[in-house]
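Chain lettering (A, B and C) follows the sequence in which the chains are written, and residue indices restart at 1 in each chain.
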Amino acid sequence: MSTAAPQPTASEAPGTASGTQPGAGRPAPDQASVMRQILSGNGTVTVLAIVLSLLISGLLIVVTDEDVQETAGYFFGRPTDMLAAAWSAFSGAFLALFRGAIFNYEASNFEGMIRPLTETMTVATPLIIISLGIAIAFKAGLFNIGGQGQFIFGAMFATWFGVSMDLPFGVHLLVVLVMGVLGGMLWGSVVGLLKAYTGAHEVILTIMLNYVALNLLAYLLNTDVLRREGTTNPVSEFLPQQARFPLLFGEGFRLHWGFVLALAATAFAWWLLQRSTVGFRLRAVGANPAAARTAGISVKGAYITAMAVSGGLAGLAGMAHVSGTEGSLNTSVAGSFGFDAITVALLGRSNPVGVLFAGLLFGALRAGGVTMQTQTGVPIDIVLVVQSFIVLFIAAPPLVRTIFRLPAPGAAKARRTADPVTQPAVAGAAVAGASGEAAVPSVETQEAAVAAESAADGVEDPDPAPTAAEPAPAAGADTQTSEKGETR
Amino acid sequence: MSATAAEKKTVAETPDAARRGKDDKPLVRSWSTPILQTVFALLSLGLFAIGAPAHDAEFRIATPGDLIELAAVTVPAAPTLWVLTLAMIAITVLAWVRAAAGRKNPVWLNGLYVFAFVAAFLIWVVGSATNNSVYLTGLIAGSFALAVPLIFGSMAGILSERSGVVNIAIEGQLLAGAFTAAMVGSATGSAWIGLAAAIVAGVAVSSLLAVFSIKYLVNQVIVGVVLNVLVIGLTSFLFSTVLAPNSSELNSPPHFPNIRIPFLAEIPIIGRILFDQSILGYGMYLIVGLLWFGLFRTRWGLRVRAVGEHPKAADTVGIDVLRTRYVNVLLGGAVAGMGGAFFTLVSASSFSKEMTAGQGFIALAAVIFGRWNPIGAFFAALLFGFATNMQYVFAILGTPVPSQFMAMLPYVVTVFAVAGLVGRSRGPAAAGTPYVKE
Amino acid sequence: MKLELRGITKRFGTFAANEDVDLVVESGQVHTLLGENGAGKSTLMNVLFGLYDPTEGEILLDDEPVAFAGPGEAMRAGIGMVHQHFMLVPVFTVAENVALGDEYTKAAGVLDLEATRSRIREISDQYGFHVDPDAIVEDLPVGVQQRVEIIKALVRDARILILDEPTAVLTPQETDELLNIIRQLRADGTAIVFISHKLREVKAISDTITVLRRGRVVGTADPSAEASELAALMVGRDVVLNRQKTEPNLGDQSFCVEDLTVVSPTGQVLVDGVSFGIRQGEVLAIAGVQGNGQTELTEAIMGLQKASGSIRLDGRELLGRSTRQIIRAGVGFVPEDRSTDGLVGTFTVAENMVLNRYDTAPAGTSLQLNPKAIRRLATEKVEEFDVRTQGVDIPVGTLSGGNQQKVVMARELVDDLSLFIASQPTRGVDVGSIEFLHSRIIAERDSGTPVMIVSTELDEVLELADRIAVMYHGRIVGIVPGDTSRDHLGLMMAGQLPDDVVLADGSTPTQEGARA
């Protein structure tokens, strides 16, 4: 979707003119435009979004710091006091975050130094797995907001089979694992089935089913089904050792084999999306359900499969959390995993490898956040703020570009007369309608539409991407404006 | 679209070319109502009537000292439950007969059905409980108090969604309102200033929703989900760093007193919810009424609905689609902010972390269950408030139904509603789709 | 009121949709803009209506230059437009739709729909519209919806009325009614811009004709001009009617449709007891005005639409099978709307080439894809069909319309087809590609495949067909030989079966009796 029609400008490199001919070879881009592509690409925006979010959160930390407030009282008397306090609050918090997430240089021994990194991996384990599920649903054009509920179902199934059965080592873990997947799959499939056969919107369904699952969990933890014997608290029995993931590096670290499972799940998700026929069907339905149906792909089947796989992975994440990290089940087992997964999937752009790294990043924020809270008193809730800002910024690349004054990609589609405020993506969308693009409910498309809009900001951009004589579709036509058939 | 339902009826009676298509539509759709009514009638038969408790259920209506001191009503459980169940069965049979003829039961009959079920449920619960007596007026007043923020939230949802912007961020708007009202109200010592600040906070959150979804075309669901968490993160962070350490100065908000209207407030059962409310309670009624009238009787409403249904059509007759959406989303934020203020300036003594606890999503459910109609959403929110309140009542009564199942009710009902099992819930056609002008 | 466009140019990027267009429209006149799909007619009108800003040029009303920032201003200036895709809110009543944007109100913005209703009744009576102001628009037939659009313009006192392809969705009767309405409006002094590419209507209604081709005015014509002359102006070359193609080499009748009926969920009969057969090595063209059941017919054959009756291919029943099974049975299908139904725009050219065969050799197995084989296969197809693309790994959505259509054709025209169906195979495709695509279709026929072509373009039908089935209101009016005259076909497309026409089986309608 990033290939853009050329906009001949005075500054354009001579070679690019050939780009207007259909079938012409891709002209060699000059140095400047290569740089421009890197600068305007997704990678840069992602990095800048993270930096920007950390800065904003840092500002919050500074403003709410007591020392800073105190010194601000006599700011005009001795401004350096306040600046010093601000710096100390800022650096203190982030250094603590670093020590808690990656490397603790203050620790006395090597184990202590690298423990934070393993903590990050431990926290990231369920996060990565559930996010892969969300990403797969995204690819099929579905917003699975219900990761939380599916996670809970996986955790409940895993716990029940873990606690109530007595099987040998290995077999028991496998049974618990399979049951966790099935639990999540069950809850996810409900959504897929309802979506496929009644047309109900999956966003509403999943939000509502999250709360149903939460209440069901609370109910079961308050009855003999899951409640630990001899207590009135809503907690389950501990899973027996043979139903738990073995530790990876011995007793000194919490990191368990679940992390390896997360890596395997990433590989599986990649294969599923990129190489398998199932994935091909899911992606086709996600990108254009009408064309997929005409090509003999069952749209209903794809919705059900996508939600089953998505839910299955969320269930696996719930299982990995209970069987690996927690050891038992309680009412807040799902925490904010459901939401975090959406942000991770978005940050990873629904690409399994991207999700892996995004999951590690957010795992690091969580793990470091704990240290930050205990050592500097900055509440861990700030992590939520960081996460939200990251997602807001990566979802709106033009905003980031505006803040950092970066060039926009694909400015070629812009209508010169377009007012960037009132007429976004004008020509892009209009042209997209002309040579035909179906409604694509994917995240990427949304972004592409925005990219076209940012193009309307009128940045001079000799983007050399070649195209046909007829204008190429630029943005996702996920808009009201697409009209099929007639070329304008 | 129940607003146009009235007009639709007149059309069906007008013989014109569209007649054929129109008559066939209900035939295709309307089996769901009788099926669902059958299910609940059977449930009532098996559980409430056949399994009727031996005890009578006592409903106290007045407390000693009330102006009109009505005696408690003691309902003989078994006979009453049988009567109610038979009434439900009768309505169900009628629904089947009508559906076969391609018609539907009138709304009031369905309303009666719902009332019969709720009443049967209540009698059964109270009769089966260890304590067979319940203070009905208190039950209703309690439900109402829980429903007020839901109603504010759902009005915010309707304002936004009717103009074509999906508002998943109601929760965040409520929470932001609650936090700001508590903080500013405490700092200034004025509930009114606290309310104003809550409105500003609600507008601030919705302005993010508006800018990201309207200007930057970010998927509205994503923005909504993210905003909820942003607000949870921000308020929790600020609560821990700012409010908690200074709770006497910053988290002890003044409260709006109830304004009791003499005599009217003494009317049994409904007096308290109608005539003994805080200014926010009365304001809520006003907003529901105004919004209904505005949407369906004024030029503004016609334009808003057009923008939410078919923005391009609105654009071609010279209506500024984007502006309409901005205005509505921001108005929604203001209304949700008021709803948030209700938490800290009326119902609770101070702000606490994540105090809205998913109410924003129940409000969203009320929007859908009420079919994007202010009156419908109002009653849906009342029903959900009642269900929520029953959780607490159950705990006191010691009833056979686990409180978690009552808590689930709004969500389960909404799943049924969107799946088309409780009539077809059809939202504004363009909701969720950004409008890009050609 | 006089409207003048001077030197209007409208560019999208480098693509000029309109270039230096001049146009004068006088009151009491019907001025026709004639041009093929994609000639730039709609763009020009959107410029005029304030939906697009012109890149260059100016608009004059009564010799005063005007600039419309949006449609609202254009309307206030007395310009009304009936869009090709109606701009009506489906769930609103007629009155609400008409009122929208120009509401009668009482105090404090309270709607006065009664005032609008009485205006609607007034106009309705004046022109014989028979429109009920309280009907819900989505329940109305298309023709009535169009009248609502016209009322919308008239309520706003439009002195200039733009009708953009108004007959594209109408039945012949509805078209005639519309033409009568236009005549009345003209008599009342309204200036009318009539946009069409249908010669019959254009000749029937126009006072002046301006012909657009590739965004430019290529000439003006008098309505009395010969249709072939207008057609030549419009397409820029002499239209060779009934181009010589080789005689078909007919085999068995391997494809057979009997009593096929499609009923919409709302109970409308869309395809009504259609029966026909196609022999191997034969092209059967389904002709007809758009919206007479052709789309539903092809969808029913492909298993995309519920239907009753019988569809037999090589002796096997296709009805009730899934689309996937039907494709596996050797049916190639080019859907009518390639961007919606034919291609996944964000997928690469290679992925689109195997969109319906990704799970069979050589593209892959039932479990996984073979990306190398897919690329190789796609590269071969791209060469064979001369698809102009930078490679098989770029998104297909970036190709031009003609090249996209070639991708669909290349995918569907596989070696061992037992039936080939193409719906509007050359819609929106450039001339060079049209000839290429037509030759491929004929080649497929000559290889012994039964071929079914659905087209609303008579030229295309006459060029390809060995036999022609004309559909009207969901029924087949008659099946006639491929060399049937345009006049006869035109009458059949209007639902009449002329007595002197010779049917494909050699009989005449009089012998057939009740068929018409």
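Just so it is clear, contacts are C-beta pairs under 8 Å (C-beta built on N, C-alpha and C of every residue); 3 or more make two chains touch, one makes a residue touch a chain.
Just so it is clear, the model here is predicted, and its values are computed rather than measured.
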Chain whose Cα centroid lies at the greatest distance from that of chain A: C
Pair of chains joined by more contacts [C-beta pairs], B-C or A-B: A-B
Whole-Å gap between the CA centroids of chain A and chain C: 42
Approximate Å spacing (C-alpha centroids) for the pair chain A, chain B: 32
Distance from chain C to chain B - Cα centre to Cα centre, in angstrom: 46
Contacts with 2+ other chains: residues of chain B: 312, 438
Residues within chain C bordering two or more other chains: none
For chain A, residues contacting two or more additional chains: 430
Partner chain C, residues of chain A touching it in the complex: 1, 3, 5-8, 20, 22-23, 25-26, 271, 275-277, 280, 283-284, 287-288, 290-298, 412-413, 415-417, 427, 430-432, 434-438, 440, 442, 444-445, 466-473, 476, 483-488
Touching residues (chain side chain A, partner chain B) in the complex: 60, 64, 66, 143, 145, 194, 198-201, 203-205, 207-209, 211-212, 215-216, 218-219, 222-223, 336, 339, 342-343, 346, 378-379, 381-385, 387-389, 391-392, 395-396, 398-399, 421-426, 429-430, 443, 446, 449-450, 453, 478-481
Interfacial residue positions of chain C with respect to chain A in the complex: 10, 12-15, 17, 37-38, 40, 42-43, 53, 55, 84-85, 302, 304, 322-328, 333, 335, 337-347, 351, 355-356, 358-359, 364-369, 371, 388-390, 394-395, 397-404, 427-428, 430
Chain C-touching residues of chain B, taken from the complex the two chains share: 1, 4, 7-8, 10-11, 14, 16-18, 20-25, 27-28, 297-303, 305-306, 309-310, 312-319, 429, 438
Sites on chain C touched by chain B in the complex: 46, 49, 51-52, 70-73, 75-76, 81, 83, 86-93, 96-97, 99-103, 105, 108-111, 132, 134-136, 139-141, 144, 152, 265-268
